[in-house]
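Heads up, there are several structures right after this.
Presented sequentially are two complexes of subunit A, the first with subunit B as partner and the second with subunit C.
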Partner chain A sequence: MTVRSWQRLRAPGPLSLVAGCLVPVAGTFAIDSALEGIIGLAAQVLALGWLIRDVRGTVLRAAVGFVAAAGIAVSTWLYGGRDLGEAGMAACRILYLVLPSSMLLPLLRPSQLGDHLAQRLHLPDRGVVACVAALQALDAFAADWRTIQHARRARGLGLDGGPWHRLKGSGATAFALLVVSMRHTGAMSVAMDARGFASATDRTWAEPAPWRPADSLLLSQAVLLAALPWLLH
Partner chain B sequence: MTTDTTTRPASATPSWRTIDLMTTAVIGVVFGVAYWGWSSGYTAIETAAPVIGAAKGLLGGPWLIAGVVGGLVVRRPGAALVAETLAAAVSGMIGTQWGATVLLSGVLQGLGVELALAFFLFRSYRVWVAMLGGVLAAAFEMLYEWDAYWSGMTTGWKLTYLGCFALSGAVVAGVGGWALTRALAASGAIDALPAGREAADDRSP
Partner chain C sequence: MPSTRCLPVGKRPTIAARDPRTGGAHVAVEALGWQPLGRRTPVLHDLDLTIPAGQRVLLAGPSGAGKSTLLRALAGLLLTAGHGEVAGSVRIDGHDVNRRLGGTGLLLQDPLAGVVAETVGRDVAFGLENARVPRSEIWPRVHATLSAAQFPYPATHLTRALSGGETQRLVLAGNLVLDNGLLLLDEPTSMLDAVAANAVRGAIQREVRERGCTMVAVEHHLEPWVDFADRLLVIGRHGEVLADGVPAQILAEQGDALSAQGVWLPGLPAPRPVPVDATLVAPWVDGPQRLVTATGVRVELRSSLADRAAPPTVALAGVDVELRSGQALAVTGVSGAGKSTLVSVLAGLLRPTAGSVEADPALATRRGTRPWRWRSRDLTARLAWAPQSPEHGIVTATVRDEVLASARACGRDTARAEARAVGLLEVFGLDGLATVSPYHLSGGEQRRLIVAATLAHGPYGVLLDEPTVGQDRHTWGAVIGAISAARDAGAGVAVSTHDLMAADVLADDRTELAGGRVVR
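After this line comes the complex of A and B, so read on.
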């Protein structure tokens, strides 16, 4: 296998990435013991680990998963009959849900996902464009948030003071952000319609949306991971 | 695609104008960021105080608000589902402890709100309808959580959790989402949408 084709196999498209996160969830319900869970988790790392490119993103996402699993284990132990095996099983189930996402989601690009949803799955194109446009406005929201906070501070409504005061301030900022973004959305919709968004018949897309061998490989791995706990059963 | 959609009264037509699509999407994205923020608070409480037990359901209401607000502001079949699903997807993309499974939750919760609105034939957007939406969203989410999350719990625990979750859905997502929609309408920012139109007509009859 050449280096190039290896790299291509390591770059699955957005649809198979989403499937890779979601399909293994079906296996979660069959995990009936901590041992089964640990075998399943090891299989997930073996099957999907080689796709990881953003190690930091993966570690961070997996870490919150581990914290949550620990929380579930403790409460299962407290309320599920003080059984360590049960607690371990519950923790493994949570990790089996989360681990594929922590490995695959950092690879997902929203605009690329939009291209594929519209061209390959033929979701309604206007809806897809609207969602991608809203996602791309995320940076603008962050800038608006800072502007509103500066304005509040300038009026003596800063975020100083106790936690309750801060919470109230954040709530007011969030509402102002919602109002600003709704106004902005109205203007943007008019601009989009002025360019024929509502009446377009031939829409062009940023990128083509091919289904490659890498996608088939990842999808079949995901199906295997969904089946594995049922086979171990 | 017809070009006369804007000439018909908004409540009588099921077709989506650009502003309906964009508003639904922006509500989804804005609440997605908020969901992501709440996820750390939720995890902190869940981990630091496992003794709250099934009362943890009370913390679940905020997850349901995007669907209620989307449905109430845009007033079209599907708006609640899209807003809630997108909000869940955005929180998952930024990164929460639930990974991509938030998509499943988003779809189920959105369907719950849709069912409540459909029950009133997408004609009534009163506070009671919003509260029913919050309750059904919680109940639909529980279909998935029942075995995936709370497999080790007793049935009594699960039912208590569901009750707390539904209560939180009715109050935080239902009443809260309804109040938020009213406040938005009063601000004049959504005058082009059905909820804002109604408020604007009330202001200057």
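After this line comes the complex of A and C, so read on.
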């Protein structure tokens, strides 16, 4: 196998990535022992791990899942007859649910997702474009949130004091963010309409939305991961 | 003959490709009026205007005169941008503009508002996709437009990695790829530093000249446009036409009158700062000499939410500055040099990654002397800050409440605070708008409001990010006058600015940043 085709296999398209996150969920219901769970999780890491680009980020995202799993394990242990096996099984189910997403989601690129949703799944063009543009503005959204919080803090309305104060402050920030982002969206729709979006009921797409071998591979892996716990059952 | 090579036959003729030899679009405006929801007076009233094909019009006027509104009307986008009542008609090449959306290029003040895609190429392709240009033709046209615009990056470059000036040039390319006959410019360089502004202006003027399109440009500073424009149109505070004709002639004959209206004209000295009563802007009580000292400050910011693997940006590295009572510091430098970050650090809004930011012991609170540790109310009583984008700074529902918000939060005496607020609104020409929502003000008005809101409660330190953007000569004089008066009354002022005139008039001390370091 050449380096190039290896790289291609490592870059599946957006639809198979979404399938890779969702399809294995079906396997969760069949896990009914910790051992099955551990085998399943190992299979997930083996099957999908080679697609990971950003190891540190993936570990951080997975850590959130581990915390949730630990919480479930502890409560199962406490209320489920102090049975370690039961607790381990519950934890594995949660991890089986979230691990694929934490590995695959960061590979998803909004513009590619838009291309595929419109051309392959034939979702309405305008909705798809609006969604992609909104995802594109996500960083601006986060920056807006920070600036508004800074402004509120500098004006004596910042988030300190008790939980009630903080809640009220967050609500006010969220409202300001809503107003600011609606105005930003307004400016953006002015700019988009000026480029012909207003009258574009159907449009062409600059990039194709191909289904590649990498997509078939990932989809079949996802199906196998969904089936594995049922087979072990 | 206008060519239609990019359109499938019989499809919407909304975006007609244009042969440069035939020149630009012809614009006819008749009895145009616009009254936005929530304002008692119309922004535009009974306006007539004819712009022959290929003419380059420079549109000027005082802050709040409805210049941006007129541009949106010409693009047929008044109702995309807001709610209100439209009267009259706008026709472009004989077609009602509301029936013929698109076909008009539009550059806005905020470059980010124009970006719709992840990569440079995809962004330029956006308009072509909307016009149903087949894929095989899209990419050649995208590449040709980018290279004609001398855009410095390939089509695969990420849009979020572009600077403000580069983004504006990208938006220009994305509009010109459609062979628009009319290009509308809404202060496209006002948020850029001098170097970037020059590059954007150069790109615009080259393209307009080569394509022969009709242009309407709103700019506060006319100087770089006067030789390029065929016509200068000045509108007044109520949307009335004050002057209309050949730029050089108008400037020679009516220069003084226009300048008195607040219009920025080339060759005139900086406006005189408006004298402002010290009791409106002085610190509430006298403070110490040294307010905040920053030593060896380094600030790293996370660069992208979407791409967590991206390394953090070093916004400041080893910067030493001091905020002193009775002194004004101007922080200058190109975009991305770290000006805003430095002002935010001094304002106690960002925690330095390394180095120290310490206030004078006389300002210490229960949480010590580091401003970023202070409780919000304690911070407000000591230091005030105005963000670069004023609308992010709005925290209340009326103009009057906005000016009083900080005074209320830190428990200032009501009568005195209200007297100061009323006085400041008058100085800034906002006294008639006291009960209006701050969101309904024009960009220039919002900025003055937020500056007033940083002064009314009398903090020791006043930290302002670009306080003069979008101001006419009068309101510029008022803003600079109020800041100078606060400084003279003992406040410590730091201003980050592209406006070198403001830095010259205001500053006792200057810090120039480049790449997060002090260069001068």
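One rule holds for everything that comes next: the second predicted complex is superposed on the first by the 194 of 233 C-alpha atoms of A that agree within 3 Å, B and C clash if a C-alpha of one lies under 4 Å from a C-alpha of the other, contacts with A are read in each partner's own complex, and residues count from 1 in each chain.
Convention: a residue touches a chain if its C-beta (ideal position, glycine included) is under 8 Å from a C-beta of that chain, and two chains touch if they have at least 3 such contacts.
Source: prediction; values computed, not measured.
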Report for A:A133: first if it touches subunit B alone, second if subunit C alone, otherwise both or neither.
-> both
In the overlay, answer first, second, both or neither for which of subunit B and subunit C A:A198 touches.
-> both
So, does A:G57 touch the first partner subunit B, the second partner subunit C, both, or neither?
-> both
Please work out whether A:M188 is in contact with subunit B alone, subunit C alone, both, or neither, and reply first, second, both or neither.
-> both
So, A:M89: does it touch subunit B (first), subunit C (second), both, or neither?
-> first
Of the two partner chains, subunit B (first) and subunit C (second), which one does A:V3 touch, if any: first, second, both, or neither?
-> neither
Now for A:L231: first (subunit B), second (subunit C), both, or neither, which partner does it touch?
-> neither
Looking at subunit A, which of its residues have contacts with both subunit B and subunit C?
-> 57, 60, 110, 133, 135, 137-138, 179-180, 183-184, 186, 188-190, 192-193, 197-200
State the interface residues of subunit C toward subunit A in the complex, per the touch definition above.
-> 12, 14-15, 72, 75, 77, 80-82, 101-106, 108, 110, 112-119, 121-122, 125-135, 138-139, 142, 159-160, 171, 174-175, 178, 184, 304-306, 308-309, 344, 347-350, 375-377, 379-381, 383-385, 387, 389, 391-395, 405-406, 408-410, 439, 453
Give every residue of subunit A touching subunit B within the complex, in rising order.
-> 18, 21-22, 25, 28-29, 57, 60-61, 64-65, 67-68, 70-72, 74-76, 78-81, 83, 86-87, 89-90, 93-94, 97-102, 104-105, 108, 110, 126-127, 130-131, 133-135, 137-138, 141, 174-175, 177-186, 188-190, 192-193, 197-201
Within the complex, subunit A is touched by subunit B residues 1, 3, 5, 16-19, 21-26, 28-30, 33-34, 43, 46-47, 50-51, 53-54, 56, 82, 86, 90, 92-93, 95-101, 103-104, 147-149, 151-154, 157, 180, 183-184, 187, 189-190, 192
Subunit A to subunit C touching residues, read off their complex | 53-54, 56-57, 60, 106, 109-111, 129, 132-133, 135-140, 142, 144, 147-148, 150-161, 172, 176, 179-180, 183-184, 186-200, 202-208
